[in-house]
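Okay, so subunit A shows up in both of these, paired with subunit B first and subunit C after.
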Partner chain A sequence: MSPLLLLDEVGRDFGSPGALGSWLRRGLGHGERRIVRAVDEVTIAVGRQEVVGLVGESGCGKSTLGRIAAGLIAPSRGEVRVDGVAIAGLSAAVRRRSMLRVQMVFQSATASLNPRQTVREILLEPLRVHRLAPRAERDDRVADLMRRIGLHTGFLSRDPHQLSGGQCQRIGIARALTVAPDLVVCDEPVSALDVSIQAQILNLFQDLQESLKLSYLFISHDLSVVERVSDRVAVMYLGRIVEEAPVASLFGRPSHPYTVALLAAAPRLGAQRRVAAVVKGERPSPYNPPAGCHFHPRCPRAVELCRRVAPERREVAPGHWSACHLA
Partner chain B sequence: MAPRFDGATVVLSVDRLRTVFETAAQTVVAVDDVSFRLHQGEVLGLVGESGSGKSMTGHSIMGLVDPPGRIADGTILYRGEDLGHASEDRLREIRGNHVAMVFQDPMTSLSPTLSIGAQLAGVLRAHRRIGRREIRERSVEMLRRLDIPSPEARLRAYPHELSGGMRQRVCIAAAMLNEPDVLIADEPTTALDVTTQAQILEEVRDLCRNTGTAVIWISHDLAVIGALANRVAVMYAGQIVETGPVAELLAAPRHPYTRALLSAIPGANRGVRRLPQLTGEVPAIGDVPTGCRFRPRCARADAACEAPPVLVACGIGREVRCVHPLSDADATIDGAIP
Partner chain C sequence: MRAAGRRLPRLLGGDAISSVALVLMAGAVLLAVAAPFVCPQDPYDLAQIDILDSFVPPFSRSGAGMLYLFGTDDQGRDIFSAIAFGLRISLAVALTATLGAVAIGTSIGLAAAYFGDPLDSLLMRIADMQLAFPAVLIALMLLALLGSGSDKVVVAIMAVQWAAYARTVRSVALVEQGKEYVEAARCLGYSTMRVLFVHILPNCLAALSVVVIVQIAAAVLIEATLSFLGLGVPITSPSLGMLIANGYPFMLSGRFWMTIYPGLTLVLLIFSMNALGERLRSAANPRERR
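What follows is the complex of A and B.
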């Protein structure tokens, strides 16, 4: 059975000016524009009722990958498949239907809600636009959603600025759920929240996943958050997935040196005043990534081969993939 | 090299600090009855959620509270000198020279139109007459200590040419250039990646050890504080609710809020299916509950909590603002929080 969502060898470049742009630039003597390869041929699947965590540092391409998964931007290369059907080949109307099954929750809840709409209008809009429920039932649907996200229906008449950060994020989640999706792409959904509120929202994500049988592609820079919610975790570095494994396997027996470094760098309670094994050096510019393995300039174990040849991903244990020559 | 400090000298002492914001409509107390002492070479972690008053405490010490805010009460002594009554000239002499601050967003503290070298030179020149060669040497030396690659070339760079982690290191370099007695760091690594954060924490720890600089590290992240601080003060709704040595406090918190904060950390609860969560949210500073401010969210609250609790000693170097403090037995983080 094909997975719910499959990103098949997808890549995405930014800064490519297009044919007309290139012609104009050449004509004006500007030369070619610099292109950044934000996502570099990534394959990742999300199964039914599965939570796949995507971790990486800023600039690694995880948000771009999330936006491709949610259909917000098109990949430059490769295919997005929902239930095995390539989205790009569908007619506009069918594609829109198909992509309703994948929704998104954003990092900045306050910025992603329209300040001039009330909470009721925010939640009714998707139902109205996609003509999903008879008008008479829409208010019931919205009330039901409010119950699921743990907010009193009294909040429906409020404006976003009257809500706290945690409440805004609950509304952001409710809005994603209005169209009854199968998969929700969550892009750093708890990063902007205080710890006590973060715990509430993480629990809410878990409850909703169980009660609505949802799948998540859960993007975060925070390893402990990803560890908590995910069944499987993929680690990204400079546009590539360097390691992918079931959560226990990845955190218990990390294989890729970058994953090892990330785990060592994350401050953890109970590990007080230990000398951190620190990755030396800055992340290279994505405009000009190193040849071979992207991580080799910072990798303590790099050998000659790593400088020349980009490693293919290999299965190092059942279901545990690593893109490292030394794994 | 032997440290140049003994660890017993108090460099900064804050006593009953109270910072308020006054408008025609109401008076809001942002910092209420905050007291602590900072010793040479020590790192004090100031922890709390947004609105707890932790940043405002830092700003108050620096004399950076803008109207309608003002320090309404309390004293801030820097090596015995009352900063509350110091002249603006004297304050300027102390700020950046003896007491320095690093802010969360480096882009707002660096000038986009000046090179890094010019900005570091400005910091040095502001406080003493100093020749060009020495400026260059000291700038390069400080950038090198903060592990910035090819520091000579970086002096010519502008902030936009550097990455976020690099910019924050430049800010820390600027703050450390005059080897201040006190460094106040307001969430300086919150916006950074974990690998960059780990590097910076490492460097700050070294600098304290080598120069005797005392640090107030403001953060919402208990794990970062655990990795860096010697002592912790936990703030809630403008007040310090618990303080003590870092290992003891994190291992056996006395205040229910501290325990709740620790329990809410995703990484601290491996194997627990649901994170123990606090109900409700931090009260808005204009709307704090009477009595114990944590009372509406606390499972242990009863009639005794209706009177405002005071900080009381609860062990060596430890204080708690709670009439029903936790014991060692119920302080463990096991997810069994009611």
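What follows is the complex of A and C.
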């Protein structure tokens, strides 16, 4: 059975001018514009009722990948498949309809709500636009959503600026749920919240996943958050997925040197003070990524092969994939 | 609209100049709307004017005892009534033109911001070209092509004013569409029209409203200029600009009132609009709130 969502060899460039643009630039003597490969041929699948965590440092392309998954950014290369059907081949109307099954929750809870709409308008609009419920039932649906996300219906008449960050994020989650999606892409949904609120929102995510049989693509730079919610975790570095494994396997027996470094750098309660500088040097510029394995300039174990050949994904243990020559 | 409601008290409780401006503006609009009911005569109904009362100075009375507050012109028309009817025409032309220019400019600005290059560059370079020439010059050329008349003046003003709205809306929309609520709207499968006009546009209105009021003043001025030059509204329904032009030949023969009073009205109208625009601008900008 095909997975709920499959990103098949997707890549995305930014900064590539159109044909007219590049002709003009050459004519004016500007030379070619520099191109960033934000996402570089990534394959990742999310199954039904599965939570896939996506970790990586800032700028590694994880948000771009999430937006490709949610249909907000078209991939430059590769295919997005929902239930095995390639999205790019569908007509605009059908595509819009089928991408409703993939919704998104954003990092900045406050900015993700239109300041000119009340909470009621925000939650009613998808039902009205897509005629998802008879007029008489819409208010009940909204009330039911409010109950699920744990907010009193009194909040319905509020403006977004009258809500706290956590409340805004709950509304953002409710809005994603209005269209009854199968998969929710969560782009750093708790990073902007207080730690105490983070725990509440994470609990809410887990409750909703069980009661509504949801799948998540859960993007975060916070390893402890990802460890807690995910079934499977993928680690991204400079636009590529370097390691992907079930959560226990990845955190217990990391195979890729980057994952090892990432885990070692994460602070843990009770751990002794360790040497923090596990990885040497700065992250290379994404405009000009290193040849071969992207991680080799900083890798403590790099050998000559790593400088020349980009490693393929290999299964190092059942379900545990790693893109490293030495794994 | 809720935001405008919150801004109104601050507008009213502003400094003395903007309070005076608000009163002047309200008076002008009231006078224009109520002109047929409050004026002592309809200056363009030949049955109501008396040629024997021509060139009467201000504060004189007619044979029937009617007060010529601002005097009369060469035909015996009451200048005060002519000003009220002129205001009516000036404001109607300016407001119609502004409405059209806002609709066109807003759509162009939103489209430029949302669809990006190459449409953005194309539309903005056209707007640059329009803004590079003096507005009156473009309007004059257009009227030379189209001929004169109120409807042509409206078209000409729209043609010289859409670019200011397009630029304003584009710059604000660029900021707004980077916010996540726009992505959320797209993710929920809303149509492009809904994203543009229901989600992005309402969040651009605060900035747009400031430009609108200043541009209405500019529209009144352009119309007055065109009418003064004889290319504007028809002679049967003179606006403020045409009243000024009509009285102009008599200025040096001591009959100043035919030009001075319509001119003063125009100056005060433009002043109050600009002062209000300034006040609205600082009310819309949180950093300038006192």
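One rule holds for everything that comes next: the second predicted complex is superposed on the first by the 322 of 327 C-alpha atoms of A that agree within 3 Å, B and C clash if a C-alpha of one lies under 4 Å from a C-alpha of the other, contacts with A are read in each partner's own complex, and residues count from 1 in each chain.
By definition in this document, a residue touches a chain if its C-beta (ideal position, glycine included) is under 8 Å from a C-beta of that chain, and two chains touch if they have at least 3 such contacts.
Treat the numbers as computed from the prediction; the structure is a model and nothing was measured.
On the superposed subunit A, the positions of subunit B and subunit C stay apart, so the two partners fit side by side.
In the overlay built on the shared chain, the residue A:M99 is in contact with subunit C alone; subunit B does not reach it. Set against each other, subunit B and subunit C differ in how many residues of subunit A they touch, and the higher count belongs to B. Contacts of A:S58 after superposition on the shared chain: subunit B is touched, whereas subunit C is not.
Using the contact criterion defined above for the overlaid structures, shared-chain residue A:Q107 touches subunit C, although it does not reach subunit B. Judged by the touch definition given at the top, the superposed model places A:A86 against neither subunit B nor subunit C. In the superposition on chain A, no contact is made by A:V303 with either subunit B or subunit C.
Once the two complexes are overlaid on the shared chain, A:Q206 sits against subunit B while remaining clear of subunit C. Legend: residue contacts after superposition of the two complexes on their common chain; A:S196 is shown touching subunit B, with no touch to subunit C. When the two complexes are overlaid on their common chain A, residue A:I35 makes contact with neither subunit B nor subunit C.
With chain A used as the common frame, the shortest Cα distance separating subunit B from subunit C works out to 14 Å. In the complex of the two chains, the subunit B residues touching subunit A come out as 49-50, 147, 149, 163-166, 193-195, 197-199, 201-202, 220-224, 226-228, 246-247, 250, 260-270, 273-278, 281-282. By the touch criterion given at the top, residues 2, 117-118, 179-181, 183-190, 194, 199, 202-203 of subunit C touch subunit A in their complex.
Those residues of subunit A whose C-beta lies close enough to touch subunit C in the complex are 18, 20-21, 67, 70-72, 96-97, 99-100, 103-104, 106-108, 111-116, 125-126, 129-130, 159, 172, 175-176, 178-179. Against subunit B, the residues of subunit A that register as touching in their complex are 57-58, 164, 166, 194-200, 202-203, 206, 221-225, 227-228, 261-262, 264-276, 278-283.
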